[in-house]
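Written below as structure tokens is the structure these notes are about.
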């Protein structure tokens, strides 16, 4: 299976270390799975780090630097800084894979809201106190299924 | 906990049976959880039925009609027909709960894509051969967490 | 000073009880300040209730019903239900007063982010665990100043 | 706590001195709080200066130049000139922290208007004769809260 | 010269008294000039009143009611209330006359800013502490010219 | 008072001579007022020339070249050519000063139309056969006011 | 050949007389060509009258009323009033016939500008002092061609 | 009369030969009229060639190369290739001259459609089997008029 | 298999006969396939007739009227008139089935263009001189495939 | 017939190998048809590869490298990686050829949906398990027709 690379037409929207990380990852032949295991983090979180959408801890930087052979000082300052999130791609998404996720929100948004409200009350599922993961399942008929889990803290609206 | 109702300002975007179903549900004091159990379907799917975003089987109609006391003929034709999906609300969502889901796609879209591609190859997670559910968890510190599971068939791009 | 009324061209975007509440408020000649005092809530919260942007407790409904002379059953179900927020007006706002608030976000958004990040770390100020109030000040030179306070819980991004 | 830095993908929208100031700030290890104290200005105002969204006085330039070690002539002309405001980021904001502020305007805009109108009459809160500050509070339960204060002169609509 | 009337396709965007006022004006055969003289206000201000874009004083309502033969109580509450401004038409304008004004802002916006900044400093011309009028001039060659005057208080940006 | 300069983030939208003219103007320490006097044109027209929004005559180029010390041949061809108007900034404007002008069109557009139509008939005020100027007034109470005059030829719709 | 009728889904965007005129035209079986001949005006102008995009003279109303059998008083006031132009349909057009005209502007806009500028100087072709007509031609090979002529007064930009 | 030149801020949207052609045209002092005569094509078509909106024949390239002194091989491949049309400028147009054409489509679109339908049936005027020209007329009163002719093949909708 | 019905939330965008036709079709229990066979037209064309996106011949109306039991005079005038196309739904489509077609244009648009240009030259495939059909195929492995054929006349760009 | 080339104004949206492939193709004088035959793939698929909208197999890269004389290592990594689809051009398309395909979706989208639903049930035609081809036909009257075939797997909505 080939590795995910960074499309050159995306780099102007991303922090400069994104390109360095993707290049080093390709050269070392490492999957996000392998890097995630090394960092003790979720794969999606690690990919988000590569796209500049998440903050790295000092330990993350140490491990990434060691594993990928990227000089610590080339990435530490920006990666442990404060990400400017939300700019990796256009919305609505034009990429078919990402569009499917958008379509789920479009089609089931109010259904989620109704179910959430009845189960939890008036509030939201946080996208900040939040984690997510991706899993692969094989059904009995041999077909392959993708499973995304979204887990967020429930925040009730304050009464004031 | 109060029940989800249908905001009157939404009805013009939805099929006419939506209002009837929500009204009957309120009158009977039924949650989506109770209705879902009665129908043997997921809560989100049942809420989607109420918003006109999913197709009902003949058996669903029978059970809904019985449980809610809505005349079968008032809802059967349209509910077992072909939903005109995607119109329950605006995109980007203005409702905070639904916006959080949109934000997850915005922030993690390319991270999901990278992880999916490395795990599954070039393709998409289907939003059609797809199911979803909502669960409630209580953490050790007593805090409440919402968990959404998205499960879709993996579809590789055809080679042609 | 006249009372705030509901522009008839807005009603189609709001729940049906909005009009009833505004009408009763006008007839009783009550300010939001008076109603807020009666309910023990903030003025902005009470106005948000009137626009269908916040949830009422059972006690709120009791007090509102009594104070305004609106039959409890005409408003209780929807007001204690789950608001469909975010639809009171267009964004960007066309109303000059509301536009000024939007402009503050536009002009100072990244400045707030930089200051927040340095003071609090990587996270957001919640708009859900949140309260707000409006105050009036008179400066020494006799000029009048408006003060808005926004107070939200700080939510650090989860590490996962 | 790390310092706020300037995402390289933002620089094309900002005046050229922004990058120099952020770089010097990082090298000197200075927070906006420290710089604000040195300048006798609010933190948000100083961050706005760095993003090119506010005008510097001659004294500001002197102090900034001294504190940060940036040659006066490299920044004086543009910083004491007339900012071209409003271009630091897209609207609606895609950054989660900034989006929350936008959401407050979206959800409570008409509530603010109604309360303002009843308290002050027909007019607006100026975003020009205006100041703002950010504070950090710790609640009794140890949780952290962010407080933004917006203070603007009240401008009644002229009668003509 | 015919009188300005209200296009029926606009009424849903305007307060309900707009239609009554325009109808009465037509029936009485009154121009905005005549009404403005009667009210002692500018023509543009009076037309703005008719479109629900400006606030009427009690005296304005008395005079309008008398002049137009509209019952005072049919218009007083809403007209002396707080206008929900900015919704008379779409932006960018599709009406050619209004588009020309928009085009002036588009073409000369930065030129105005540069000249204002040099003449007045860092600030804005208020659109709230503001008046405007329209005049008709005949040039020596007999051609007709329209003159719009915009007069707004200069508001310097606060230093904070 | 500082001089207006050209924000570097704007140059890609403007003709190449804009930067040269602004630079020379700064170096010579000249205001638009001084240059306008030298050219015998209105300040706004001269600023529009600098932003590439108006056409220069041969005499304008001679005088500008002499006054600013910019070689004639560096600017003559493009400045006496045909401007590609309307691209100096985004619409709706994000700059607060320019937004206020836009807001005037948004709020008073239909009021202007009604008054114009009654005074002039069915037509438009030209934005081409057009001039504009900016003036500064000091009111009796010492406050400063900005006055913009827009003067355009009245063009009646042709009957065909 | 059938007659042009008014799609019922358009009527809410048009003045109320539009429907009456189209209905009467259908009942009388009259083409725009016939009506235009009767009024001594161009076909496009007459169709524009029907869509509320042009002003009728008193004589037009007399002739229309007579020819179509519509009571004069039902249409006179609005038709001789001031049209609120530009709202017959969305832009970009979704109707294929109208889209082709839009596409011509999109593809050849700058080519027209370059040719106009060289032939006429710096200015515009007026869309107000303007007439247009549609003609039908049959080529030698029997194919049918449509010819639109646009004729507008040339307006040079004023020097000020 | 000056020649049309290429605004440098447009070049990134156009094929690379556009700049070369405009530069050579300026150096030779040739109008589009002169070039059109040399090529035996319409002026608008030639200007469209310069903007990369039309395809050149081999003979066009020969003649252009000779007349303008541009090496054949620098322009032949791209100019005789397949234009990527529609990108010369934004829509809606911000350039006043081009906007007027857009406004004609906006105001008269449905009028054209109604007249076309009655004269030709259900179909469109092709923008592909299409030619256009610009002419200059002087009216009796000495005023100057621009005339655009659009001639397109009539294409009836297929019945299937 | 249920029949396609008309979602009530769509009717305001469609001509009034759409609802009548869909209702009659449901009552008679007729598929588009059966109706198409009766009319001797393609299924897609017939469905387009029902949505008001295509013109009916007199014979179509006769046959439809007879088959569906809808009075001829209730539908003849509008159905044989000139459709106002392109308004059945929003673009980009929110309905998943229709979005997939849009996505094909988005993903393969330039690939189609390149292949068309090399095979046919500089031109377009007409969407007017055009037909389309839908077929169902069963693959060897029992899976079901949908096949859409688009057939349009090739129109080369005119040389002028 | 000339070959399709890559417009230089598009390259920033495409992966870097696109330009290399198009250049080599031009130099070798190869059509997409010839390349497709060499690769044993459809022409549209090969053009999509060139635009970075499809994934290449190792064998594709070998053959392309050999046929076009492009070093294998310059293109292998990115071409066998995971395309970032959907960014070749704007939507709605401005290119006339691509717009016609968009218009077909706009005009016939709901007709396709109705026919698909009746023939296949509630689901979609996949754009992923999908192939497409372009053919050229000559009608009896000598006219040229383009035929596009879209073939996608039918995916029924899951019941959950």
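Quick notes
Note that the chains are named A, B, C, D, E, F, G, H, I and J in the order they appear, and that numbering of residues resets to 1 at the start of each chain.
Following the convention adopted for this analysis, contacts are C-beta pairs under 8 Å (C-beta built on N, C-alpha and C of every residue); 3 or more make two chains touch, one makes a residue touch a chain.
Heads up on the chains, UniProt names are A, B, C, D, E, F, G, H, I, J = Cyanate hydratase.
Model, not experiment: these values are computed from the prediction.
Of all chains in the assembly, those touching subunit B (Cyanate hydratase) and also subunit F (Cyanate hydratase) are C, D. Chain pairs A-D and B-J differ in how many C-beta pairs they share in contact, with the greater number at B-J. Counting the residue numbers used at the interface between subunit C (Cyanate hydratase) and subunit F (Cyanate hydratase), over half appear in both copies, so the two copies meet with largely the same residues. Superposition angle, subunit A (Cyanate hydratase) onto subunit F (Cyanate hydratase), using Cα atoms only: 145 degrees, a multiple of 5 between 0 and 180.
Centre-to-centre, using mean CA coordinates, subunit I (Cyanate hydratase) is 24 Å away from subunit J (Cyanate hydratase). Subunit C (Cyanate hydratase) and subunit H (Cyanate hydratase) have CA centres that are 54 Å apart.
Averaged C-alpha coordinates put the centre of subunit C (Cyanate hydratase) at 29 Å from the centre of subunit E (Cyanate hydratase). If each chain is reduced to the centroid of its CA atoms, subunit E (Cyanate hydratase) and subunit H (Cyanate hydratase) end up 41 Å from each other.
Within subunit A (Cyanate hydratase), contacts with two or more other chains are made by residues 3-4, 10, 45, 82, 85-86, 91-96, 99, 103, 106-107, 113-114, 117, 123-124, 126-128, 130, 132.
Pairs of chains that satisfy the touch definition comprise A-B, A-C, A-D, A-I, A-J, B-C, B-D, B-I, B-J, C-D, C-E, C-F, D-E, D-F, E-F, E-G, E-H, F-G, F-H, G-H, G-I, G-J, H-I, H-J, I-J. In the complex of the two chains, the subunit B (Cyanate hydratase) residues touching subunit I (Cyanate hydratase) come out as 12-16, 52, 77-78, 80-82, 84-87, 91, 127-128. Contacts from subunit H (Cyanate hydratase) toward subunit G (Cyanate hydratase) in the complex involve residues 1-4, 10, 31-33, 43-45, 47-48, 50-51, 53, 85-86, 88-89, 91-93, 95-98, 100-121, 123-127, 130, 132, 134, 136-137, 143-154. Contact residues of subunit G (Cyanate hydratase) toward subunit J (Cyanate hydratase) in the complex are 92, 94, 96, 99, 103, 106-107. Residue ranges on subunit G (Cyanate hydratase) touching subunit I (Cyanate hydratase), taken from their complex, read 2-5, 7-10, 26, 93-96, 99. Those residues of subunit J (Cyanate hydratase) lying in contact with subunit B (Cyanate hydratase) across their complex are 41-42, 44-45, 54-55, 57, 82-83, 113-114, 117, 122-124, 126, 128-133, 155-160.
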